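In the two assemblies presented below, subunit A is common to both, partnered first by subunit B and then by subunit C.
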Partner chain A sequence: MVEWHGYKGKILRVNLTKKEVKVEELKKDWCKLYIGQSGFGAKILWEEMQPKTDPLSPDNMLISSTGPFTGTLIPGSGSISYQFKSPATEAWAETRSGGSFGPKLKFAGFDLIVVTGKAEKPVYLWVHDGTCEIKNAEQLWGKTVHETTDRILREIGQPEASVACIGPAGEKLVKFAAIMNDYDRAAGRTGGGAVFASKNLKAIAASGEEGIEAADPDKFYEAVMEASETMRKYFFQELIGGLGTIGLVNALNAAGTLPTKNFATCFFPAADTVSGETLAEKYLIKRRACFGCTIGCGRYAWVPFGRFMTPPHEGPEYETTDMIGIQSLLEKENLEAIIRANYLCNNYGLDTISTGNVIAFATEAFEKGVITEKDTDGLKLEWNNPNLLLTLIGKIAKREGVGNLLAEGVKRAAEKIGKGADKFAVHVKGLEVPAHDPRGESRSFAIQYAVEPRGACHMHPNWAGAYDFVPLDNGLKPHGLPWPPPDKFAETGVKRGVAYKLLALHGELAEMLGICRFYLWGGEDFGLTCLTPKRLATLYSTLTGFKMDEFELMKAAERVWNLKRCFNVREGLTRKDDKLPKRLLEPIMTGPTKGQAVKDPDGILDEYYEASGWDKNTGIPTRRKLEELGLKDVADKLKL
Partner chain B sequence: MEMKVILKYAGIVHEITGKLSEEIELGAETSLSDILRRLALQYGLRFKEHVFDYKANKPAPQILILLNGKIIQDYDRKINDGDFVSIMPMVSGG
Partner chain C sequence: MKSLIVVPNRCTGCHRCEMSCSFVHFKTMNPSKSAIHVIRVDHAPIDAPIFCVQCGLCIDVCPAKAISRNNKTQAVVVDYEKCTGCGNCVNVCPYGAVTVDPVTKKAIKCDLCGGNPECVKICPESVLQYLESNAASHYKRMTYANLQRMELKPLIPYPRKG
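On to the complex of A and B.
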């Protein structure tokens, strides 16, 4: 019998069609090769999913995975990640959340759950103490996220359990429906909520009392204490911990990189009305933190009275504030409307980034006359109308009227509308661009938005500004990070491809180990108070007993990053899909960065492909690169 | 010839100055360090300690100074009419 440390060593397999639950042993050799969380997800989806599977069919696979760090004493280890084929992009999907669902899954005895098939009627899974029960969820179908969570916790009689569930938006197969956990934590992107619903899966509840063993408890404890002491001096503690991510609003506005009015510009004169400072002054109840987190970026806020009255709940984040508020130019009763919108999205189970993006797109379409009141059920779409915005959120969640079109996501909505609407549909591969702009913040976003396998993402694999927006090395200098960083607007000839490759792999490590990415950012000039690859290697080795140094860990990250790319290649995605939206090639209209635009997206991409060992013409990893990573079988399958 | 420069503040700089933005008029041949020195004199010791030490000619740790969105390290650089100078804390993603 294998002794496991860090890992639980068990995969839970649930076939909803056959109502079968099986427990299988985790393969030991996967650990050093794929590490965990989305690394395991990539391996399973590559091996077991057929190409061109319909994402909303029973043949799609839904993996809920944790990493070896999840649920341990390591700071920032409250992590759950889901992998599947996305109904929005028809490509690789991964979506991550904090809270305590991931740790509870480990305490229940499992590293990951693989769900296949489709239940006859709505069900939820109750995962606990090494087993899984498939329970009737018919009475929960149609209920909001908060109500579903309350009812399940009452039914299972374990108030300390964690519940991951979908809301009405998922049930309506909205292409950007979220998987919510612990009431307000969102695995928002890529439409995981719709995949849940396509399986008649309403929720997963998890709890247990199994511990997680360390291979070398003394050395592990020492490494944990060193990491925790370091994180007490986290470089961004005052900002992210003190104000929450919404604290970015005023600062990014001052820098001229606050996306505004469907990315027409990056400067919003009324930014302070929706800032972290205003939230703290008027609506904040207290801070919140995920499991094991030393940063505590969560906000718990409310609107106690008035027409946007909202009960206490977690949020709003920076992304929500910008994408829902600033992109629609909310200037009247701004923050109250945004808080209300956040509460609605959390309860309907909607990704706030995609929701805000598609509403801003629709408003611009209406302004340009590309859609009219005939298309919008008589609604006059206009900027700066909070009531309208809240109405649209409801319509999207229920797929009512124009909401049915918008629920398809900005790519499909633009295709259906035609008339040049694609010119201001701001997405990559069908995933809506979030509130970080390559024109104003860093040209590294031009690489990330183009090549990230799930589409345009500001945080997967890493925050792309963690190099030249603020000069940070994150402990990557031993790996060859070009230093000092270039001008953030410089596009080619500055080794940006090399630098971004390392940033991406460091981010992938967080995604495989099961920690929050906020823990990755720090600079040698500022005490390197972050989880560098070196620190991660010490933690991994002492926890799991699998000895790996920082270079081997980064190699594993490169393996998984390339495997995800190959999943997409198998689905037919190549360089042609690594395309930035037209809006990001247009100059910023106002503010400190007026005139900035991405001028040479192809040149930037060429340099990144070269740094990564990918074919410049096709964007496909070369056979040589794949064999170097031990992925010869993948190269064979792709006939490279 | 008079020039106009737009200053943008955030974080502790906002706290110390009490403003998020202001415009100032300057003569030609004004450098960035001239502007920062003027602000330090205007806003007092807290500005010098926490934002820009004009005697050492460098910003406080964790302060970013941007010119039209770009990080600037040459404070003797001359400013042009209509330039934006952002003085703010270093910020992360999120």
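On to the complex of A and C.
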């Protein structure tokens, strides 16, 4: 008799200081309350981490988590997520990646790995077949991501294993260092790589031969086949699957929402030279998918010759292209340079979004004369200079000269520079803004960037443009989604708060179940070809045997969403931190959306706070809301 | 009469066939219990589903006479009552398409799901297909033609170093 369905039912606890490995049972009552992945992460961090912990001290906890859907037949199940306190924002951090590391972790027999303490010398974890070994990684320290992965795979002698590791950037504690798995898949944001390094942890390798069982195999398989068939008609298949996320470049440019030149404008005349179409024509070798994915957005690309010669690897995707290429206005030989830059970032273990943002920031600072050649080791920073871009990436990863300043992220760099540099430092809570713009795309992003617990992010908890930019309802109508959606530039008085709340909870659900967010978007007018809350509920119930309907699932999502918020409240964050950067309040300079700006950020936020039951003045969830969600103990602890 | 074939070079490496195979046969989602194996090489453009071509080499080497050809589907199937898990079939298979389950000690081998392969139904890219013989032969030829394909040589060698 199998005790657990969907879940593996085990938590691996590793104390690196004591070199201790313990296996713990997962608590059954957590499953219905927190579902999994970042839900469990939130619960554990809330309960076990002391407030105001230094993110780079041994006291920070690093949770690698999977959800019940990870590693199953459910489309998009190749998820791995990490939760910790972010060195970039000093607040709640979660960062997710695809590939096959999450599924392999489950096949090794674990739902979560909780790493605490700090090893004396560099180590890596080899998790396999229900056990974990702490192995020496001194010879791996300083090695790039690809070499580390190669060497570990050779050392453990298990070709089917999957490795998540950090590169030299992580070791130098760059504030936006990524955790890379399967060579080129990045859990990039919020600086997980630095947390790995602060524990002297170079990598985690996982492999195993345990399976995942379903509680009701026949009904589950039926639901899976229904979902798979549905996904064949996925609304974005041509765009995201066919061209890759980089296919968005042309689409978003036409709509006037392609952030350009450090967000000064949202239109890039040379966009077609870096589009998905051009990539497919010139440099694409093949499409690639994560574990269990029906979409296949991965690009396996190279630059076979020329001065930006790059070996075959996965990339670049839309965010990389925009943040690295378009933000620095690359016009000539640009796609080659972007592919090369992506390869370097992957190998150093850098988040391409933050890297691109910080480089564009530095270039603008130089242009405005806020920094000079004295601060930049004699480099003349300018737009449209691919060589300079590659040099800066290397400097950031190694913290050399000006790289040392930029490696701190836009927020700290602007503080250090002073002289009004914060006017064009585009970040929220210390996390750099990615390549979606609330001014051109949808005002829902104004809410998302402001309230998202980890800072400005286009994907956590959901792509806010789905609702009114496309527009799609994602199967949220039964939950009260206002329909038809308002104009994408409408701000207050159009129920945007209510709509965004539902959108966020749906995304949060994906994050807790362990599926990719790309599966969430589809409209009733287009046959609802996505994983709606209803489909998720059917899949969850038949897989795990915990009977939950779509409304209960959404409630669990709200519980976790509020718990993450409360984690930040405990760290001292309030409404004053839910603030959009000044740049996004200034009008767009050129293109179809010229003149657009977020005019009433406070008004939009007010509506959202009201919809989610948070106090309008402080931004803290009210006691009534928390008690309604069964989080009375949290309210007590916060003394609300 | 039909054959299971793969359309070369189109697989994205999602492993869904592996999981549906193990789930339909053993009620568990576990690639190591699958009769089809997706080979992905992260640092080379290789994503390829490897499965049994029903050649029948294993029939002769089975000491327990547990392997036979099904007349209806022409699939070479293992009789679990008779299988002793000796591993001769694994050794003889030139494609590495047979494995022995380390727990149950029975050979895991493609049986074409009795003439209705689940991997074909679940493959999102329609890379796996179950086709009438002549159409199938075309793709089989393409697969072998791939062996004689001239490699596009990059200036930097891969698999890459570091």
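As a working rule, the second predicted complex is superposed on the first by the 638 of 640 C-alpha atoms of A that agree within 3 Å, B and C clash if a C-alpha of one lies under 4 Å from a C-alpha of the other, contacts with A are read in each partner's own complex, and residues count from 1 in each chain.
Just so it is clear, a residue touches a chain if its C-beta (ideal position, glycine included) is under 8 Å from a C-beta of that chain, and two chains touch if they have at least 3 such contacts.
Please read all numbers here as calculations on a predicted model, not as lab measurements.
With subunit A as the common reference for superposition, the partners subunit B and subunit C occupy compatible, non-clashing space. When the two complexes are overlaid on their common chain A, residue A:521 makes contact with subunit B while staying clear of subunit C. The angle formed at subunit A by the C-alpha centres of subunit B and subunit C is 90 degrees to the nearest 10. Using the contact criterion defined above for the overlaid structures, shared-chain residue A:288 touches subunit C, although it does not reach subunit B.
In the superposition on chain A, contact is made by A:245 with subunit B only, not with subunit C.
Applying the stated contact rule after C-alpha superposition, one finds that A:458 touches subunit B and leaves subunit C untouched. Residue contacts after overlaying the shared chain place A:440 against subunit B, while subunit C stays out of touching range.
In the superposition on chain A, contact of A:471 is made with subunit B only, not with subunit C. In the superposed model, A:272 makes contact with subunit B only, not with subunit C. Of all C-alpha pairs linking subunit B and subunit C after the chain A fit, the shortest spans 19 Å.
Subunit A has no residue lying at the interface with subunit B in one structure and with subunit C in the other.
Contacts from subunit A toward subunit C in the complex involve residues 71-73, 75, 100, 103, 107, 143-144, 146-147, 149-150, 160, 182-184, 209-214, 217, 221, 225, 228, 231-232, 285-296, 298, 300, 302, 304-305, 309, 311-313, 347. If you check the complex, the residues on subunit C that touch subunit A are 9, 12-16, 19-20, 22-24, 26-33, 42-45, 47, 102, 121-122, 124-125, 152, 154-156, 158-162.
Subunit A contributes residues 235-236, 238-240, 245, 247-248, 250-257, 271-272, 277, 297, 317-319, 436, 440, 458-459, 463-466, 468-471, 487-489, 518, 521, 526, 591-594, 596 to its touches with subunit B in the complex. For subunit B in complex with subunit A, the touching residues are 6, 8-11, 14, 20, 61-62, 64, 66, 68-71, 84, 86-94.
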